[in-house]
Amino acid sequence: MSSTYGENLKLSIFGQSHGPAIGMTLDGIPAGLPVDLEKLQQFLSRRAPGQNDWSTPRKEEDRPEFLGGLLDGFTCGAPIAAVIYNKNTRSGDYDNLKNCPRPGHADYTAQVKYGGFQDAAGGGHFSGRLTAPLCIAGGLCKQWLEEMGIQIYSHIYRIGGIEDDFIDPVNPRLQDVPLSFPVINAKAAKLMQDTIAQAKSRGDSIGGTVECVVAGLPAGIGEPMFGGAESRIAQIVYGIPAVKALEFGVGTDAAALPGSVNNDPYTLENGSVRPLTNRCGGILGGITNGMPLIFRATFKATPSIATEQQTVNLKTGENTTLQVKGRHDPCIVPRAVPVVEAAAAIAVYDMILGNTQTNRRK
Amino acid sequence: MSSTYGENLKLSIFGQSHGPAIGMTLDGIPAGLPVDLEKLQQFLSRRAPGQNDWSTPRKEEDRPEFLGGLLDGFTCGAPIAAVIYNKNTRSGDYDNLKNCPRPGHADYTAQVKYGGFQDAAGGGHFSGRLTAPLCIAGGLCKQWLEEMGIQIYSHIYRIGGIEDDFIDPVNPRLQDVPLSFPVINAKAAKLMQDTIAQAKSRGDSIGGTVECVVAGLPAGIGEPMFGGAESRIAQIVYGIPAVKALEFGVGTDAAALPGSVNNDPYTLENGSVRPLTNRCGGILGGITNGMPLIFRATFKATPSIATEQQTVNLKTGENTTLQVKGRHDPCIVPRAVPVVEAAAAIAVYDMILGNTQTNRRK
Amino acid sequence: MSSTYGENLKLSIFGQSHGPAIGMTLDGIPAGLPVDLEKLQQFLSRRAPGQNDWSTPRKEEDRPEFLGGLLDGFTCGAPIAAVIYNKNTRSGDYDNLKNCPRPGHADYTAQVKYGGFQDAAGGGHFSGRLTAPLCIAGGLCKQWLEEMGIQIYSHIYRIGGIEDDFIDPVNPRLQDVPLSFPVINAKAAKLMQDTIAQAKSRGDSIGGTVECVVAGLPAGIGEPMFGGAESRIAQIVYGIPAVKALEFGVGTDAAALPGSVNNDPYTLENGSVRPLTNRCGGILGGITNGMPLIFRATFKATPSIATEQQTVNLKTGENTTLQVKGRHDPCIVPRAVPVVEAAAAIAVYDMILGNTQTNRRK
Amino acid sequence: MSSTYGENLKLSIFGQSHGPAIGMTLDGIPAGLPVDLEKLQQFLSRRAPGQNDWSTPRKEEDRPEFLGGLLDGFTCGAPIAAVIYNKNTRSGDYDNLKNCPRPGHADYTAQVKYGGFQDAAGGGHFSGRLTAPLCIAGGLCKQWLEEMGIQIYSHIYRIGGIEDDFIDPVNPRLQDVPLSFPVINAKAAKLMQDTIAQAKSRGDSIGGTVECVVAGLPAGIGEPMFGGAESRIAQIVYGIPAVKALEFGVGTDAAALPGSVNNDPYTLENGSVRPLTNRCGGILGGITNGMPLIFRATFKATPSIATEQQTVNLKTGENTTLQVKGRHDPCIVPRAVPVVEAAAAIAVYDMILGNTQTNRRK
């Protein structure tokens, strides 16, 4: 009910930040799909911590061990299962926080829900570390989508007050964006990095927005109403910790646009129908229209900050303050980019699996 | 897979805009819950068309006929089923549109997905009319939530460029907002109505944003990851036609806020924990924290406009233009307000049904 | 959670025996499938009451009204919805039973579960009458399976102590069994009818077994473990009221057979693999093997009998006796035959919808 | 879709017989439930191979390693995950079988479904070895049911032609049945062991039936129709390899019983309602009636036999014969007893989790 996703595939994610391991099972995948483990590792390394100034110094190799579902480089039809053992755990960092919920984290809500039995170390099951198994599943789906000619790209749309260049929604060219810090405009990238560095130097953190594009997606994918592409993508993207807003196409700007501007007119191009614009983000009525599917997910600032914050001591029943020690990202957005891609890949691949062939009226 | 929703309750919505009837079944509801049908009718009438200047002149009473699940004013444990027969259908209005997909509507994507077999009249199953059965289910859930002290309020946050007053997210007072045109600030209300009237007079339409508050919700509701309150609400809200953005708490502004501002500090009030602010919109780690749950859904402008638009003729294979006749809302937002409340009510009631009691650590 | 079924299609059944109507919604069906309503009516009439000596004299036409999902004789991709209004209700028959649960019925368990709020008239939602909407859904699936060359047949395997002829499980010829009383051996049919008549004359009832064959089913349908063909069929067949046993292939006889007899050896026939026997009922590891899929469902005797039975008065808290008046089948089995076929058709069609194409290893 | 189970809890099972590991994730379990790992190990050891004459000599400790969900002897609310690494694999035993499907096994159906990409060694994901993770999940659920006063017992009802004593369905006393070979009647136990030994000495195998009792279950558990206790139990029990029949209460005998005998009359005992008999196996209308829930699962003979069998060579396209070498149980039934209990425990615990509190009519 909680950490499972999918209508056709069934993804189940488990583990706690400082428990023995994190992992996933992915059921319902056809047999005979090729799996390139090296490529998967490259994808996972984009999310892995400890690589540069703007991410936590906690070092984890994040090398998944596959326990089932693969054979000789192909899926074998059995559920795919993979684990990553937690090596670099330092649960002592969290000892003094046990009774004092960190503002912005799930510590307090977990305490209410699980009555004190929750694994609080490092946020337990609520930790951003759980996005690693999401990336295993997503990295696999991404490979299978690529086999079908469907590519997923993304860039950092905004960090703090700094925005990247706008993409052309009809023909978004994100192929050449550097993967290490995926921003189109090099000046904006520098400013974003400065923004992160400043937040860090203040003992603070900062939020941002990731924009994701699914290119090469055929028209006709998705279902009406609650099975629509927006609904399916939203359910999984909001499962990524710290996401607080999700927009498709023009998103919140849709409030300000008149229909005459917001509607995407059609034209014929070499005999086939093509929308001239892409304000809808590639989805109408929950179903893809053949344009690039475009969405943006906004992440709040990392709640863990070195600055003193007001909280309560649940044990003594007194007001108190805390400073979050431990190792934390001053801005989660750069590492969140592949996670958003992974979520998109899983949602899209799930919809494609459920896409039944329709007769054509003669 | 498509028009069904719910982990614990099971909602299934059916019907087409100009078919015999629209309706819903709602399974998994406990027996013995009181149902006030008059109150439900008042709720449904907030969504019903044909009432004023800013909605379609199509007149439908939208009076549901209950076929099962109710007995003597209480739920009886059997699935609840209700239908609304379509009376005022004018499918002739759509004849010339059969081969020319209307920009912004699902006509083209439905054509691709259903191969010409879809019911195209009035958008068929993709019509906003399908929100009527959603409001039947939601109106019932709303009543049951009220029995538990949980209230759902909303207001029009924005239409076009006009914004309503901001609410205090810790103590949002929306009880007294007029239901007929739910805006806090009377001047803003007038300007919004002018905006709609202007769009209409130009043969155009306009979008907007609805803000919804679930008040009185206890802490501890929701599940981690994909079962989180954001994910559950997002899946159903994105099932409402025309929604293109969804934000929780500060929403897209989270990108610009540092952690020191965005985090909600805790204090003790009469011995119980209370967040001092509510930037998170009442949800941390997918689980409610006892603050009002606050979200905003942005609707695009009604795609049906009298202005000439460019499209294609699928039959002749030629570019052409069309003007959408028929009866349409120049702005869907005022009528969408109860629909958003209905969606919220269903999602929240579903989560409450799935909320298992936890032992408390001594 | 209760009256819904399906992994790929989503069936939802509603209504109570003496409520306004019974019905179903069937979501997830591809567009463009032909629907022959006359053929459906013929199928439904096999289940309809009031036709002969061995069924209840309650007369209901059981003519479904389709509210959505069909257009010009084809599915249109929207959820299919149909209702049957209850006309010949006589809830007065049940007045004296309200407080005295009928042995063998769900009266007592419904009372415990629904706390007195249940619709008790005629068994409410637990009534065998709810198999009519199951037959609407099943009758449709049966037509679509026939389009693929998959036929569903069945016969009465046993009533009381009387058994029909055994079928050849490799080549079961049930096409010519009369639909009115589907028994292969005419003498056995006569004896079964005598058995029913005798039970009726004693104010009693009798049970029996239906055997069902799905012929023409390709190999490779179904999933391992809980998604296996047995699991999927069992979930829906046990949803038919009064079913108390379900067997596949040799069924309970499997306990007595050594592996050397029970295993089905393979041979090559015109270059393709064919099992020589069919003890497994066409399923190995949850997946079809290309043989006819064969199962048997055993129904208990109709609990409603004119004979005096011991029960309790829940209101007065005293032991008492009752005689069930009203109109009842002395043996439900003949009318259950199409219901079992319907259940099989739904389960099989659901599995086929979920059957993803696999690459073939070169 | 395949190896997942549960409406309220979500069980996902993975692994292949000779792959790196087998395991399970179990999501949706409340926090704060105690877990006795030693007791779990004792339960698992009842299923473990290599212990006596009637089971395979393959030795596996079957000691699960918990990767998540447990903390200090309690569930912590996060998904529970456990793996058992496969140590004693001998995939070489299966080399000559790759192209020659073993009769009675899923080799051929897996080949058709997975197109040659399946993991064939030891039956891969179809192996009975996958019941070990089922027993992890079931052993945990069993402990939590015991905390509520619900006990699960079972005995071998029949092996080959030998039957155990009948139990009294109103008051089944199975507490004292020896766990090593759970048969009530010691003479019958001896004859069953002889039957197995004879089959083994002939290079053959034999089937049997397990009878399972859930005692102490309150009335009111389960849902109508497809969510009924029979449906829920059937889906999981038929997920156990080799089950070919499932009966509740009198089971197939219900065909022969008149209603006057089959109905369970009610009486009042110390002011509460009690059925006098228990032919229904504790379930009416899919809902428990407070009597012991009783069902029987019939297992076919182990398909792996040393006797020569006819099969085909898929590579050469010729008829051939094979003898199954490797290590196999001559009768799977004794080791299947805890597996059936595990399946029952999971299904019952799932239903209890979904059981919503109902108001009582005053």
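Details
All chains are identified by letter, namely A, B, C and D, in their written order; residue positions are counted from 1 within each chain.
Rule of thumb we're sticking to: contacts are C-beta pairs under 8 Å (C-beta built on N, C-alpha and C of every residue); 3 or more make two chains touch, one makes a residue touch a chain.
Here the structure is a predicted model, which is why all the values come from computation and not from measurement.
Listed by label, the chains touching subunit A and subunit D alike are B, C. Contact count check for B-C and C-D (C-beta pairs in contact): higher for C-D.
Per-chain CA centroids place subunit A at a distance of 45 Å from subunit C. Centroid to centroid, with C-alpha atoms defining each point, subunit B and subunit C lie 38 Å apart. For the pair subunit C and subunit D, the distance between mean C-alpha positions equals 25 Å.
Those residues of subunit B in touch with two or more other chains are numbered 1-4, 8, 13, 31-32, 77-78, 110, 113-117, 125, 224, 354, 358-361. Against subunit C, in their complex, subunit B makes its touches with residues 1-4, 8-10, 12-16, 19-23, 25, 27-28, 31-32, 65-69, 71, 74-81, 83, 110, 113-119, 124-125. On the side of subunit C, the complex with subunit D involves touching residues 1-5, 7, 13, 101, 103-106, 108-110, 112-117, 123, 125-126, 130, 158-161, 199, 202, 204-209, 219-220, 222-228, 230-232, 234-236, 238-239, 241, 243-252, 254-260, 262-268, 271, 273, 275-276, 279-281, 283-290, 298-305, 307, 309-312, 314, 317-319, 354, 358-361. Per the touch definition, subunit A reaches subunit C in the complex via residues 8, 30-33, 77-78, 224, 353-354, 356-361.
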